[in-house]
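Both complexes below contain subunit A, partnered by subunit B and then by subunit C.
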Partner chain A sequence: MPTVYVNDQPVELKPDERLNCIQAAQKAGVEIPHYCWHPSLSVVASCRMCLVEVGDKKPDGTVAMVPKVVPGCQTPVKDGTVIVTNSPKVQAAQRGTLEYLLLNHPLDCPVCDQAGECGLQDFSFKYGRAYSRLAEPKNQKKDKPYIGDQITLFTDRCIMCTRCVRFTREISGTAELQVVSRGSGEEIDIFPGKPCNNKLAGNVVDLCPVGALCSKDFLYEQRVWWLKGKNSVCAGCSTGCSIRVDQNKDVVYRLKPRSNPLAQGEFMCDEGRFGWKYIHSEHRLKFPMQKLPAGITPVSWPQILPALRQALTEAAKRAPEKLAVVLTPFMTVEEAYLLCKFVKSLSPAARLFMTPAPVVGEDDSYPKDLRGQAAPQPKFTIRAEKAPNRAGVELVLQHFGGAVESLDAVLAQVSQGTLEAVYLTAGSPEGWITEEQAKSLAKAKLVIVQDLLDSPALPWATFMLPGTSWAERDGTFVNHAGLAQAIHRGLRSPGDAWPDGRICFELAGRTGIFHAPTIRQEIAGEIPALAALIVGDLGDEGIFLKSAGETASAAGTESQVPVTGGSRS
Partner chain B sequence: MAEELTPISNDDVVWMEEPEMGFWESTFLPAIFSGLKNSLRHVTDFKPVTQQYPEEKPDLPLNYRGVHRLNRDDKGRVKCVACMMCSTACPARCIDIVAEEAPKDDPLWADRDKRPKSFVIDELKCIYCGMCEEACPVDSIELTHIYDLTGMTRQEMKFNKEKLLEVFDKTKDNPRDPIRTHRGVLGPASDFTSLPPVGPATQIPQGDKASKPVSTDVIKQG
Partner chain C sequence: MSTYEPVLLARIHKEQSHTLDSYLADGGYESFKKALGMTPVEVTTLVKDSGLRGRGGAGFPTGLKWTFLPKDHPGPIYLAVNGDESEPGTFNNRILLEKDPHQVLEGIAISCYAIRSNTAYLYLRYEYGAAWRALQKAVAECYEKGIFGKNVFGSGFDLDVRLHRGAAAYICGEETGLIESLEGKRAWPRIKPPFPAIEGLFRKPTIVNNIETMACVTQILKRGVEWFKSIGVPPDPNNPRDAGSYGPKLYCLSGHVNKPGCYEVPLGITARQLIEEYGGGVPGGRGIKAVVPGGISMGFLAPSELDTPLDFNGPGKVGCLGLGTAAVVVIDDQTSMVDVVYNTARFFAHESCGQCTPCREGTNWMQRILHRIRSGQGRMEDLDLLLEVSGGIGMMPGTTICGLADGAGWPVKNAIRKFRSEFEEYIQSGRSTIKPCELIGAH
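The block that comes next holds the complex of A and B.
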């Protein structure tokens, strides 16, 4: 077992583990400050922040140290490597580096969006010195407000770590950004007329360790220390990027990708990053409504749920084979399970459907080459399947004996009269039903719509249940590769809307409160395909429903590309 | 038991006897006359001590903390850079700021990045602690000597940016509320060019100054 010594603390490595000093120190719980190094990008060792003393422990026990400090990011460790991160020599180097990085850095922390999560602030506080010896005026470069549609550059704040440049070259492959000029004139810039607008462009803002690259969407909206984050999963496509929802006072301000090697790696795409605006749409449904003889009336939850349960029970008694529940790939596993279980308990003859996930274009893999073709080994994939949980709902559906049917096919059955009562769940941010399609609901005796946004189906609904967006729910999403990840409720819903899990839970007449980990364990006991959920708490990274070998077949039920895509390679 | 409970050991306790009363003292007459003398002095004192408020305004101490004002810089713009330090520091959470990007094409705002779109202080929620004043990096928010703040509605007591700038215009010529600083923008670190370079130019010796305050010479000159 190779052993590395970090500040005299032995760290065991796996035999095939190839780490640099920063990663080895991370294993020991020791932080080596760094700016330019990033686990997903190539090593340039240009910021000099990670300077450490490195040595070699000989078999006879003597230690031979390298006589100077070396960049930790560029120095691989092997058995017997000794890393010292806190000697006076290293501390002097860190202070010197920070003083140098701060020479031309403006002191505009109060107006800088990065303040509070800024690498320069943190490391200056921990490793820097209290004063600058620069007596000359600072080198102030002109801001570049248009780097891309979503990106602005405060040139003078940049410390030239070139993470953004390497990202566009190595991960997106589009290479819009580069360093222009040399020496103290160095600046990040785009080629004239070629803005950084690729679908992964938003990541350069996250990568920027200082406040140089800022997101125009978030610019000056909030101070970061006011944001409260909850771990969640992006609902934009079936890649299921691990993210954090940052909100304050129930208003989402931004989504940030979390590092998750099992799901997507370190990044997320701009479609997901900026595609959450519908959460605060004015078309959100806020109150449960019921069609009464007097017209469509807002009703409270304690009134509508028993009425709905009775209506469903009657429909199941009258003609159980004409009662149908239509699931969507936008629901969580828990919601699908609770609803299916409830309807099947009313009558085993009741029918279950799921509308297929919307597919837009084709899977979009990065990095791109010069001609815009994806590289053979993609590092990031934006899936064409624009729904977060097709795989998870499908597994529930298979267990309860349902079928994947298009909405048109279900509605055709309604107009033929083979279905009389339909429970439609939606939650798609795009419209899921057209005016024309909605007209065929006129024939149904009982229409229940559980949705997030206003839709043409509502005038035909006997019961309208306001659900919530994914950011306001607890539950489980299963991505294209069969990775089950937990989503957490990050903010409260507007009006009297309830998280869909709670609606399904209370509709089923269960007592207690909806608690996703408990339901997960119940599901694991009942559905063999979801047995892996038995742990209840899925952790930050989630768990695969099947072991690695079986995963590909689980993902391949629809013409999906094999698993390797999203994760960091 | 009691000895164990008492926090003072018995060795530290000195027991004292009250002094014996003399003959005159035991008649209580000297005490009565001294009290009467005191009363008589006040009865015959015709100098008034009551301040005739509101005809007469009180002379408040210079560090009195009253209604806030938002200062203007020398170009007449609001000094505030919308950094929200004041609303972060505020223990009563009475400051609500919405920031916006300063218009780049307007020459008046060309040198500024960020400015407040709205700036509202709820004067009723405020506890007038002065933390906002302390936190402000550009000396924009200040507490004035205005203490007699009244209003007919709660809404009226929510001071917005315009109202707070009005307070500045009203108070800036009052010697009790002087414009204390002209620093309107965030200074670059080279503000310190007036100080001699501190510390050695190259080698960092043992006991580096980074962990200590700058040398006494610098403080004298600053």
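The block that comes next holds the complex of A and C.
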């Protein structure tokens, strides 16, 4: 096993592992401060913050050190490499570099969005000096409020790490950002009239280690130390980007991508990043409602659930083949399982459907070349399938003998009278049913709608169950490649809305509380295709369902149909 | 010493010296033909044996550099010739290219053959208009006469020489900055390794050589190794790492001398000899306060150090960075060193490419401190601060990617060490040598 020594602490590497000093030190739990280096971008070694001393440990135990300090990001480690990150020489280099970085950096932390998660603040505190020796006025560069629709640049805060420039060149391939001018007059800029509006543009804000590039959406909204983050998975498409939901007092302020080599890598797209606004829509359903002879009335959960169970049991007795549950690819695996299991327990003849995932355009891969063509080996893909869990729900559906049917086909059966009772779960938050389609529900005897937003289906609903968005619930999403990732409840739901998992759990009359890892283990025991979920806790990166990738992709081609025009009232 | 007969500059005073006809009449391109009769390895060995060291500034042995190319590389291999002569005070490439471009082109052709390259790029700084025109004409003539192109002189060797005109940036003279610029990118020097000989221009093995080095290659082929080794200074026996300083060198003499100009003399001449025998002394019989031994980034020689031999080792022994480009700038005793140092600091602050933090911020900081001192608001502690900044941006080894920071810090550090009393006197007097016009453009 190759062994590297970080501050005299041995670290074992895998035989084929190729790391630089920063990564090797990370393995030892030692932080080497850095700005310009990023695992997904090329190495430029220009910030000079990661200077370390390196050497070579000979087999006889002697160490030959390189006489100078070297940038850790640019120096690969091999068996016997010795890295020293805390010698006086290294500390002097770090202190020197920080002084230069802060020389012209404005002291506007009190009004800077990055304060609290700022590389300059953190490293100054740890490695810098307390005061500036600059006697002259600082360079003041003009702010550039329009770098893109979502991005603003505080030019004087920039430390010229060029991560953003490299991102637009290497990951998005669109190359909008560049360095203009020279020396200490250098600035990040766009070409006039060519703003940075690509679909991955928001990532440059995350990449910026200081508060230079800021998101207009988040600007001055919150101090970051007030935010509480929960790990989750973006529900925007079937890529299933690992993200963190940052909220304060049950208000989401931003989504940030998490590093997950199994899912998407380091980044996320702007569609997902800014596509969460419906969570705080004024059309959110807040209270369970029931259609009573007196009209549509709010009813408490303890009342509505037994009534609903009763109604479903009766429907199953009357004509089990006319009872249908319509799942959607927006549900979690747990919810789909609980609902299917419950309905099948009422009557094995009850029918299960899943509406196909909405598909918009084609998969959009990056980096793009000059002609807008995707590179042969994409580094990031925004998928056309705009649902987070088609693969997962499909596996549950197959196990319980359901079928993928379009909503129109299901509603046609309602019109023809072959279905009398339908349990509709929420589709795309962009709208999943039109007024016209909803009219078909008139003929049904029992309509249950479980949704988080107001929709044309509601007037026809006998029971209306207010569900929640993905950010407010626990569960499992399976992405296009069969990677099962856990989503976590990051904030409380408005009003009396319940996480959908809890609704399904209590509707089924189970005792106890809905606990996703426990249900996952139950599912693993029951559905062979989901056996990998037996671990319960999926960790931060998730786990692959073996062979689920093939199943999902094979089934995927059929169940993808172009999105139909649905609208929210 | 004064008996030395110029070789590199032998033809520059002739009529029409820049034309191919004139060059051929003087036995031009015979060395190239001679090289074509040898194997590439033989040519490389010849250059290596001659002890020729690169004339661009660092003084790296040319033949040795050529041997760093990967053996049996399928190609292409490139030769990039560095004509981005931007070091203040340096103008020997200009003379060569304007007056005798074919001597350089012949050296390029020989070098290409030696390193098995079929394409040479000549990178010329933007400001050299006359040299650009002379080169364009010279290259066209060579293509016309079949000296360049396919199957040169029936030898089966193909050679293309492409000219590239820069956009006037000091950093384009750094070898990897030059490569980036040739590729059409912003001239930010690359991190090494890989060195250009392994992965350079267009990610292919590349050798970067100076214009004057190319002219020397021509002469080595023409006159032989023995001739070259008979000129200059042999290696210092006490210094095993010294490769010697052989051959003629074009010294660019400027500043406060009666006869400034480009003089070809053997390496190892002292600054005093150069100034007095060739430069005709300082105007008005004034004294010398300081001499820049080889381009402004090398530091300063104090009057007591004028007998330092200007070879590749000499200036280093008296606290200068090295010989550099051998641009000797004389500063008389009427000049304030504060002004001189400010001027150099301003140059480097303007030319820093801005990639590495210490150089980007440090050069600008030094300029601003010096500007403040010159405006009469200096503090004594500024001198120590300047020493620390100039020492920190480059000379703490490894803090920057390229050598610009070393070059920016060195003259400041060197001047404060050697002329500290003058700086102290200047600060204490509270006077200002700043001109009103400078305040307008000052940062």
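In this section, the second predicted complex is superposed on the first by the 545 of 569 C-alpha atoms of A that agree within 3 Å, B and C clash if a C-alpha of one lies under 4 Å from a C-alpha of the other, contacts with A are read in each partner's own complex, and residues count from 1 in each chain.
The rule is short, and it goes like this: contacts are C-beta pairs under 8 Å (C-beta built on N, C-alpha and C of every residue); 3 or more make two chains touch, one makes a residue touch a chain.
Note that this is a predicted model, so its numbers are computed, not measured.
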Notebook entry, point to check: Regarding the shared-chain residue A:106, is it in contact with subunit B (first), subunit C (second), both, or neither?
Noted result: first
Notebook entry, point to check: Which of the two partners, first being subunit B and second being subunit C, lies in contact with A:531: first, second, both, or neither?
Noted result: neither
Note to self: Quick check on the superposed pair: does A:225 touch subunit B, subunit C, both, or neither? Answer first, second, both or neither.
What the structure shows: first
Item checked: subunit B versus subunit C as contact partner of A:292, first or second or both or neither -> neither
Next item on the list: For A:186, decide between first (touching subunit B), second (touching subunit C), both and neither.
Entry: second
Notebook entry, point to check: Of the partners subunit B and subunit C, which touch A:409 in the superposed model: first, second, both, neither?
Noted result: neither
Margin query: Going by the contact rule set out at the top, does A:96 touch subunit B (first), subunit C (second), both, or neither?
Written below: both
Notebook entry, point to check: Touching A:135 in the superposition: subunit B (first), subunit C (second), both, neither?
Noted result: both
Next item on the list: Considering only touches as defined above, state whether A:65 meets subunit B (first), subunit C (second), both or neither.
Entry: neither
Notebook entry, point to check: What residues on subunit A does subunit C touch that subunit B touches too?
Noted result: 92, 96, 133-136
Item checked: subunit C-touching residues of subunit A, taken from the complex the two chains share -> 43-49, 51, 67-71, 74, 92-93, 96-97, 100-101, 103-104, 133-136, 139, 159-160, 179, 181-186
Next item on the list: Can you check the complex and tell me which residues of subunit B touch subunit A?
Entry: 81-85, 88, 99-101, 104, 113-114, 137-138, 186-190, 192-193, 197-199, 201, 204, 206, 208-214
Item checked: Touching residues on subunit C, where the partner in the complex is subunit A -> 169, 186, 188, 191, 349-358, 360-365, 368-369, 371-372, 379, 382, 385, 392-393, 396-401, 443
Notebook entry, point to check: Any idea which subunit A residues touch subunit B in the complex?
Noted result: 88, 92, 95-96, 102, 105-108, 110-111, 128-138, 140, 143, 145, 154, 219-221, 223, 225-226
